[in-house]
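The structure's right below; bear with me while I get my questions together.
Read from first to last, the chains carry the letters A, B, C, D and E; within each, the first residue is number 1.
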Amino acid sequence: MAKIKRYSLKRPKSTKALHQAPGTMTYVGHKESKETLLEVIDYNKDHYQRFTSKSLEDAFKFEEENNITWINIDGLNNTSEIEKLGKYYDLHPLILEDIVNTGQRPKIDEYPDYIFIVAKMLYYNGDGMINNEHLSMVVGKDYVLTFQEADGDVFEGVRERIKNSKGRVRNNGADYLMFALLDAIIDNYFAVVDDISDKIEIFEDRIFQARSDENLVLEIQDLKRTILRIRRAVFPLREVVNRLLKSKSEIIEEKTGSYISDLHDHMIQISENIDLYREMIRSLLDMYMSTISNKMNEVMKVLTIMASIFIPLTFIAGIYGMNFEYMPELQWKYSYFVLWGVMLLLFVGMLIYFKRKKWL
Amino acid sequence: MAKIKRYSLKRPKSTKALHQAPGTMTYVGHKESKETLLEVIDYNKDHYQRFTSKSLEDAFKFEEENNITWINIDGLNNTSEIEKLGKYYDLHPLILEDIVNTGQRPKIDEYPDYIFIVAKMLYYNGDGMINNEHLSMVVGKDYVLTFQEADGDVFEGVRERIKNSKGRVRNNGADYLMFALLDAIIDNYFAVVDDISDKIEIFEDRIFQARSDENLVLEIQDLKRTILRIRRAVFPLREVVNRLLKSKSEIIEEKTGSYISDLHDHMIQISENIDLYREMIRSLLDMYMSTISNKMNEVMKVLTIMASIFIPLTFIAGIYGMNFEYMPELQWKYSYFVLWGVMLLLFVGMLIYFKRKKWL
Amino acid sequence: MAKIKRYSLKRPKSTKALHQAPGTMTYVGHKESKETLLEVIDYNKDHYQRFTSKSLEDAFKFEEENNITWINIDGLNNTSEIEKLGKYYDLHPLILEDIVNTGQRPKIDEYPDYIFIVAKMLYYNGDGMINNEHLSMVVGKDYVLTFQEADGDVFEGVRERIKNSKGRVRNNGADYLMFALLDAIIDNYFAVVDDISDKIEIFEDRIFQARSDENLVLEIQDLKRTILRIRRAVFPLREVVNRLLKSKSEIIEEKTGSYISDLHDHMIQISENIDLYREMIRSLLDMYMSTISNKMNEVMKVLTIMASIFIPLTFIAGIYGMNFEYMPELQWKYSYFVLWGVMLLLFVGMLIYFKRKKWL
Amino acid sequence: MAKIKRYSLKRPKSTKALHQAPGTMTYVGHKESKETLLEVIDYNKDHYQRFTSKSLEDAFKFEEENNITWINIDGLNNTSEIEKLGKYYDLHPLILEDIVNTGQRPKIDEYPDYIFIVAKMLYYNGDGMINNEHLSMVVGKDYVLTFQEADGDVFEGVRERIKNSKGRVRNNGADYLMFALLDAIIDNYFAVVDDISDKIEIFEDRIFQARSDENLVLEIQDLKRTILRIRRAVFPLREVVNRLLKSKSEIIEEKTGSYISDLHDHMIQISENIDLYREMIRSLLDMYMSTISNKMNEVMKVLTIMASIFIPLTFIAGIYGMNFEYMPELQWKYSYFVLWGVMLLLFVGMLIYFKRKKWL
Amino acid sequence: MAKIKRYSLKRPKSTKALHQAPGTMTYVGHKESKETLLEVIDYNKDHYQRFTSKSLEDAFKFEEENNITWINIDGLNNTSEIEKLGKYYDLHPLILEDIVNTGQRPKIDEYPDYIFIVAKMLYYNGDGMINNEHLSMVVGKDYVLTFQEADGDVFEGVRERIKNSKGRVRNNGADYLMFALLDAIIDNYFAVVDDISDKIEIFEDRIFQARSDENLVLEIQDLKRTILRIRRAVFPLREVVNRLLKSKSEIIEEKTGSYISDLHDHMIQISENIDLYREMIRSLLDMYMSTISNKMNEVMKVLTIMASIFIPLTFIAGIYGMNFEYMPELQWKYSYFVLWGVMLLLFVGMLIYFKRKKWL
């Protein structure tokens, strides 16, 4: 079963814990990307260039006029490099802390020169597990910086479209790139949540076939925990998009507004889906319980019918197995056959009784 | 049992999925209407004309002055035709995307020249299933465009009234036609929801008659899912109607306001009904569980009474079935009869005991 | 058991349904009062006159200056008469529709010349059933029109007070009469809801006496449904009273304000009571379930004790009932008595064991 | 067990019921204080006088300048006396109605010359029952009137402090006396609610010791009802205190404000406690149910183990108790001993099997 | 198991109870720190001095210009000393009362010259119990006073950083020290709440291994109570931080604002975690119940299979153990072997039957 990785629940700061100054930049995630990887995509309507490197210096020389520059950093444990980038783009120290603090919930901070967004990427990785990856995004007038925990993300489609000059992305500014990235993230939410829906239907079937399958409860509980965690990753982003919608920042051009409004619609829809599935998961356990009760009822009936029929008959046989010297019936020639008759009558009577009670 | 079609839960966009540009127009519904059908109704107080065609060009030449034109399109997979229509009426690209995106939840967007409304039609189709059909509506000063997934809808009554010049529809503008169409949709909500109420009462009866009917739980769960999905289709429309009520768009004439206020009343009523039935469905399972427990109790009592009476008696019979050489009772002449007496006393004592415990 | 009549849940409009124009006046209730009855009470400080008729014309000639006229119509299926009244008092067509639409939830509409109020009368009729009757009220400067589904209502006290010139009603205007009528309705809510409270206590007692009384669950469910329906009839009136309180209509005189504020207090109180009883009904089923479980436990213990004691003893007896030729114990003279001793020890040991487990 | 008296749920007005004018003053409580008792405490910084009487006339002559006069009336059934007092202090008729209407929920009404407060006193009386007594308070510039249902209240501490000139009460005005009285009421809420907390812990212990104690469920239900009723008596007072806090009445001096803010803190705290205990009571029944299930499981295991071991053994013994003439084993010399061996093996095998299943 | 100390639920004031004036300063906590300990830390950018004493007079002489003075008092039962401090810093009497009233919930009061904050420190003490310690904080322009119930707190990290001039604390004012202390408190909330998360996972494992472990329910209930109490200690602080964020007090410098905003983020996160864990604890009991039911089902099946197979066989053996003189089968030579065959057939038939029912 796909499990959402549990580290999403651990609060990183608690590893820094009790004796460290606030504002210290410490990577607290669990993803070990051996090295920080840098990817620069520089484009405008007519121009496209892509470059990967391990050194920030390579990135800075790419900065040209009239181009949109998207710098994507995979791996957050090389804090000194990120700090260098922060200095170059003049980022606030608290932003740098949030970039590496994977426990930070989705949020948006507007600064005069840039917008800072934290979101969670949810996507299935190779082994069917849901990856919950911390993503920070700094959106400036002509650049977008994205910081991820490890390589592997949900942005392949965006990269393709920039490269092939498909869609509107090449004709628009950094704010449209931000929208395209958020849209890719939210599309993946739908994929993950739709998958939950499929799982619920599978569970319903299993509940009715299962022969006292103990793990089922554990798996339902796990699904419940998964949806609760997805909820926690997704719901704050709704507020983020809502604030983007109302933002008066100069970075967001007016024509991008209707696209963000579209994002907002999707966030409301995904939120409703999550709550719907949550309620349906909740009722899975109820179904399971009633199925068990039903089966136990079945079992008890079989036992009761068998016992009720044969225990009295066995008693009768026991009577005539007694060794008293004076038992008049024993000598009578037809006793045995009469007894068989009596027993048969009892047997049939019982059957009729249980039939009437609708137990058969 | 009537099942709401499950595709209503699948989000279309997730089929377009991860590598496509936002704003691309892709039909993602599951209804396969082989071809897009066009129906044009053109009317004013004195004039009525109806025309069906497969080509948009036929529709455009119908546009005359002083008339209300209602163009209804059945089938959304012919996106190029819809795009043509969009160009003719100057519709925003995002509207075109929403028209074919059957996963879009009910909403309203006000543009300077028209109002765009998305709603869900719920109605019973031939085989007793609830049809959940995506409907988009563009309402202009003198035209209404409606886009449906397939033919078959809830607007027959409206068509009749236009044709026969019954009611107020022929004497009013496009905004009144919009009201009449929404009213028809909401009337069908009531029909569908009232049907849920009937089903709940049937379930209550079945719960008390059922002899460990396992499917019952599955069906209750299904009913629960149905009401949750109806809720999701219906509730956003309440907000839509509320915003229509407060709308300052010039398209809606003042005298239509009181009719929309009437729609609003109905939406509140249907919402309350849905939540009421939801709570009653929730308690169906509780009833079922307690009924099962009750029956198991009954079964256990029968078993316990039978076993408690005959097991001790059988033991006594077993005693005198032993083959010890020295068992004084065996030789005594009246042993057998005395034993019968003792057993009878035990039997009666047990009966009295269970009577007192109110198990009989 | 008193059942609230189920028609209160059916939405009348769904009978008119899908092919009728909105705004059509159709009586959709289930109460068949053979004929529409008219009652006119005309009064002022010094004057009192009461008149019943079947014809509206009789009523109109009663209209005199300086008097308060209360016209009460019993029976809503004679729509043409009501329409006539509507024309006389210049009522909006949508009001007329709401008067006969018994599915309309409680609401208030303020018009320049009158206030239109819809409420539900809940009261016990002869056979202990809760009557849920649709009441519409039009309050003008010097008249009050009330429309009921059938004869029989909660206004007898008000009629008495007008007749006997008791209380303040004769010295005040039409707005005070409106208050007095609403007060009478709300007083009956209290009576109905207090009765629910009594029923809950009776159920609690029954739960603890009942010997697997299957109907109990059905009756609890029924009580639950009753309170949910009462809730639906009562809660919207709270909003109605609240809006009356804030109303700036000239029809409501300032001195009546404090009386309406009193109504508001009562509505909050009744709402709280309803929610309190709702929660207590919800826990009735929990109590019932735990009582059943408790009883089953009791049953199982008896079975287990009986079986655990006698099955081993029967086995021992069975051993010495075997017919092997070489069974040394059989010949030994004291075997039988020793065996009795062993069995007695086993028996007592078992008793002690169960005593220690607190099963006895 | 301490039960809150049930009359707190009966709405008094429903006894007046359906044929009485609103605004009529009728005592509807259940406390029968034979006669109305009057207690007057008149004080200022230097002066203290206390007087009890049965006649109001005695009270009025006490009214002196520059003194705070606290008149406390025990017993509400002598409505004519209260009316006399109302006339003397010029109280609104609706206040007089609320004073004797013990069903009135806590509220505050501000009048130009006085503040009218309704509250509920909760306190333990002699026999461990929670007393729920209706208290009305009229606070003027230099007087406080309190109306109680019967003698016995929570104000002894306040009386002591006035008498002994302890605390700030003698140096402050009528508003401080009001605060002191409310503070005494709220202190008693804490005492009552803390007691609920103790009871919950006692129940938890009883649940784990109880041997199918049926009354437990009834008592838990009773505790639940008690907390729901306390909640209903307490929660509205929070709103009362909140409105006192924001009041701009001249009767409340500025320096008293911080004390009322203190009351508000306490009301929030008591509300939180009540909701916390409510949730814990709710889970008591869950605990109880799971304990019962656990015990039944235990019982069933004993039964199953006993039956599974001895029923097969008894069958084997039964086989060799048969009287067939040709049963070769019967003649064989060691059959009996071999059989014992086989049975022992079976017995041990069963034990191992159950051990492995962890049933032993 | 770690239990939160129960005194956190007792309201201290109820010990003062019913006959004491409000505003009296009485220590009502349960922590007995034998003596009040005073710790003074005086610092600025260049200067650091630490001093502990039992006398306040020592503290006052430390007050120097341009320095931040942090006075920490451990132990609240020496009220006279605290009163002395209150006089020196001109604290309002109600503040002094709240300092020693350990039942006071977290709150913030802004005075012109200082801010008064009440919070709860949650931390694990030596024996694995959660300590819930009342903390009051008075923050002035250049001083911070903290009052704790006993020695042992969560501020060691802050003390270290001040001493070693690490972090920003030495370069900032008293408001930053306040932030650092609150941050330390909240960091400990995370530690405590993360621990709850670990416990939940341990419980899940135990539930599936446990063999009718009765204490499990009690422990789950205890965990539930713990999280409810943590919630009550933590949630009001969120409001406190929120009000700090919006505060316009001159004591809080603008640059500290972004740090407080960081606190606010953390408070929202911790609140979400608490509610998430609360829901998961709630479902633990459901899991437990379904596991028990599952096991009982298992037990019942074993019993039913054993009984259903052997009871009929035993009956057959009983038949041929009867002592009738005329039983033809007894004399027939192959009866015994045929009977074995019949029994074997029955046995196998039963096995197949149960196999088909999926009980085996």
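The rule is simple: contacts are C-beta pairs under 8 Å (C-beta built on N, C-alpha and C of every residue); 3 or more make two chains touch, one makes a residue touch a chain.
Since this is a predicted model, take the numbers as computed values, not measurements.
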| item | value |
| --- | --- |
| Chain hops separating chain D from chain C, counting only touching neighbours | 1 |
| Between chain D and chain E, centroid-to-centroid distance (C-alpha), Å | 27 |
| Distance from the mean Cα position of chain E to that of chain C, given in whole angstrom | 43 |
| Numbers and ranges of chain C residues touching at least 2 other chains | 289, 293, 296, 300, 303, 307, 311, 314, 318, 321-323, 327 |
| Contact graph of the chains (line, ring, star, complete, other) | ring |
| Touching residues on chain C, where the partner in the complex is chain B | 9-11, 13-14, 17-24, 92, 94, 103-105, 107, 211-212, 214, 217-218, 221, 224-225, 228, 232, 285, 288-289, 292-293, 295-296, 299-300, 302-303, 306-307, 310-311, 313-314, 317-318, 320-323, 327, 329-331, 333-336, 339 |
| Parts of chain E lying in touch with chain A, wherever the complex brings them together | 154, 156-157, 160-161, 166-169, 179-180, 183-184, 187-188, 190-191, 194, 197, 204, 208, 258-259, 262, 265-266, 268-269, 272-273, 276, 279-280, 283, 286-287, 289-291, 293-294, 296-298, 300-301, 303-304, 307-308, 311-312, 314-315, 318-319, 321-327, 357-359 |
